[in-house]
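Okay, so subunit A shows up in both of these, paired with subunit B first and subunit C after.
Let's turn to the complex of A and B:
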């Protein structure tokens, strides 16, 4: 049971403070982060940063479903960002769906997390998300495609922290309680692939910096 | 502290050390103490300056004000007895009228909206808006104040600004061997350059922007290339 091929591109947008494109197979989401920046007085919180998420679907105007996704993403990000270090500021995250081939919510969560790390917002950890589709037959599929999601009895999305604790849990559909816990344990082991991927992509991104540093030091 | 992690890439949440009663540690940006563990809060390269200063090198674009740092700001307003200055942080900073060399209540400094100021941050904490001054404790300006309109200001990443402020910055050494110019670097990623001609100013600013990820030998080549192409044009 494995994920589709993951791919990630960082700092792709010039104007924002940090950005990332994250792909699970064909599903592709771009996340842009601005912050810590100015916040409107009616939205400011005295002791924490205000996290604003805007989710833009591939086609059509954002509606209620998009607002629900924004709330899930905002709560996930609040769990990992050290908001108390930037009171009365705002951290704005904008997500744009480029292509949806299933596992959209985990792809969005992962794109958010990588974009936040790219920006340099202080975080207490990172979040790795995976989806698990439970078919009518009871079979569990990790990182389902759109077709597999549409034929499933339930689609569960879980976000895990560094220590594999659950940060986010989201479910559409109905399944038995034991199935929920078995899907959760499959997702938990699959999330390690995502966290290893974060580490290898951070090492690739910083490889030029490190080689430049070591070259300059050896020349001194 | 985990010595094997020094020089390698860490992610937020990675434990980089433990607190021991007998060892004094200095924690810089990107690392913080959580009970008895030292934890990374940013994704970057874990660095050590011997004997005991640890931090995470990360190249951010957004500036977070820290007291005693020098920044370049743009004047955006004159509320009350202060100037409001945009230094790129989440809130605009305040600079009192009297914090200029030789300024008194009668003798106001000649600063207009849109002027560039090179100043020092006197107060910076997460709960208040930052405050700036253009004098030191004894009333001397040491080069701080309005930057002349003949110069050109451009923005770069915070990492490049820190490199430029290092003692032995290779790009500035290479450029100063070829041009004569005046430069002011703000820790907020703003760089102001002034030289004899517009071509030279543009050349210098392009060289600085290009030099961010180049090694010392590559910098010389890049500068030579740009100078040659400018002169042939």
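Let's turn to the complex of A and C:
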């Protein structure tokens, strides 16, 4: 069982400090990062950066569900960003859903990480997120589509650190405990694919920069 | 009449108190104290028209609020982020798991159904708010008694009888247990406010007494070693068993008192 095709585009927006579009199959999320920058005095933390996340759904007004998602993303990003290097500053992350075809939360987490990397915010590692849907029949599906999620008994999302430890986890539905552990192990191995993808996109971006620099050198 | 039963639950000997029937004007209510954290839940049933594609389903709408009386950090005004997160957690628990059947709330398919508005207010915030909210919601749903309702053929409107004997059947009792993770190694069940602020991370396991898992929610913070999960699950399941037997005892006692009264 494998993930759908992953794709990512970096530095696509001109005004922000960093941005990324991350796609899991048809699910597409754009993340923009502004920061480190000014922070409102009531949100200022004297020894750390303030991470603010704004999540914009594709349609409708933001409600409780969007606030809950923002909290998960904020806590996840705070776990990997070296916030003590930018005290009394803010790092704002804005996410816009372009299309939701399942696995929205992992796509958002991955988009955040790549956008932060594009911005150059100092981080201690990445969070590689992956979703696993457990069907009524007991079958586990990695990176489910919207249809598979809606018919599933439970949908589990895990965000793993570089050392394959659980940073973030989210679950809806109900399953037996044994199913949880098997879903966790499938998600853990699928997260390595996401981790390799981060590495290859970073290498692609840097190789472009390197070839630009060598062209400039040869023109002198 | 109020019925109070206290017990000691296995997680670090925190006293759990459930008091059902606290709000006499509500169709169902419960006041729950987990340690110092106090949450009261009141349920009002109102008539609603079932939606288009779900014509045989009623609605259960939870709403959690943090009252300014609960903590110096809570200001009056629209629900804070913390309150919205808990409201969403309860809403997901109701909609996405099958511990309660919303089809039971349908009076007449396509025409009339019950909409249960569950309002939870935190009166004392001392950590583990999700745990207390879930127990309050479960107790209030178990103790809820709705009148019999039907659609009047002539007017097309709903009407109720005076008796209150319609109960909502709960298939499972999912109980949330919050654990704080100190130094990434030491797990602390039912952390108080002070303990939560000192822990690097926290996660919530929602389990029922028969071992089913309803939720494993962790939001950032220090990493959770996955080899420790089975022991946390055992603590959570034992907690769920104790809470279920407590709710059953309180329901049974309040039922017997009501039947003595009416006879």
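We adopt the following convention: the second predicted complex is superposed on the first by the 211 of 220 C-alpha atoms of A that agree within 3 Å, B and C clash if a C-alpha of one lies under 4 Å from a C-alpha of the other, contacts with A are read in each partner's own complex, and residues count from 1 in each chain.
Definition applied: a residue touches a chain if its C-beta (ideal position, glycine included) is under 8 Å from a C-beta of that chain, and two chains touch if they have at least 3 such contacts.
Since the model is a prediction, treat every value here as computed from it, not as a measurement.
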item: Room on subunit A for both subunit B and subunit C (clash or fit); value: fit
item: Partner chain in contact with A:50 - subunit B first, subunit C second, else both or neither; value: neither
item: Touched partner set for A:92, first subunit B, second subunit C, both or neither; value: neither
item: Which superposed partner A:199 touches (first subunit B, second subunit C, both, neither); value: first
item: Partner chain in contact with A:103 - subunit B first, subunit C second, else both or neither; value: neither
item: Subunit B versus subunit C as contact partner of A:184, first or second or both or neither; value: second
item: Touched partner set for A:27, first subunit B, second subunit C, both or neither; value: neither
item: Which of subunit B and subunit C A:161 touches, first, second, both or neither; value: both
item: First (subunit B), second (subunit C), both or neither touched by A:68; value: second
item: First (subunit B), second (subunit C), both or neither touched by A:169; value: second
item: Overlay on shared chain A, then closest C-alpha pair between subunit B and subunit C (Å); value: 15
item: Common ground on subunit A, meaning residues reached by subunit C in one complex and by subunit B in the other; value: 161
item: Residues of subunit A touching subunit C in the complex; value: 64-65, 67-68, 70-72, 74-79, 154, 156, 161, 163, 165-177, 179-181, 184, 188
item: Residue numbers on subunit B that touch subunit A, as the complex places them; value: 7, 9, 11-14, 30, 32, 34, 39, 41-45, 57-62, 64, 90-91, 126-127, 168, 170, 213-217
item: Touch list for subunit C against partner subunit A, complex; value: 81, 84-85, 87-89, 91-92, 96-99, 172, 174, 203, 208, 211-226, 229, 233
item: Subunit B partner contacts - residues on subunit A that touch it in the complex; value: 17-18, 35-39, 80, 82, 85-90, 117-126, 161-162, 198-199, 202-203, 206, 208-210, 212-213, 215-216, 219-220
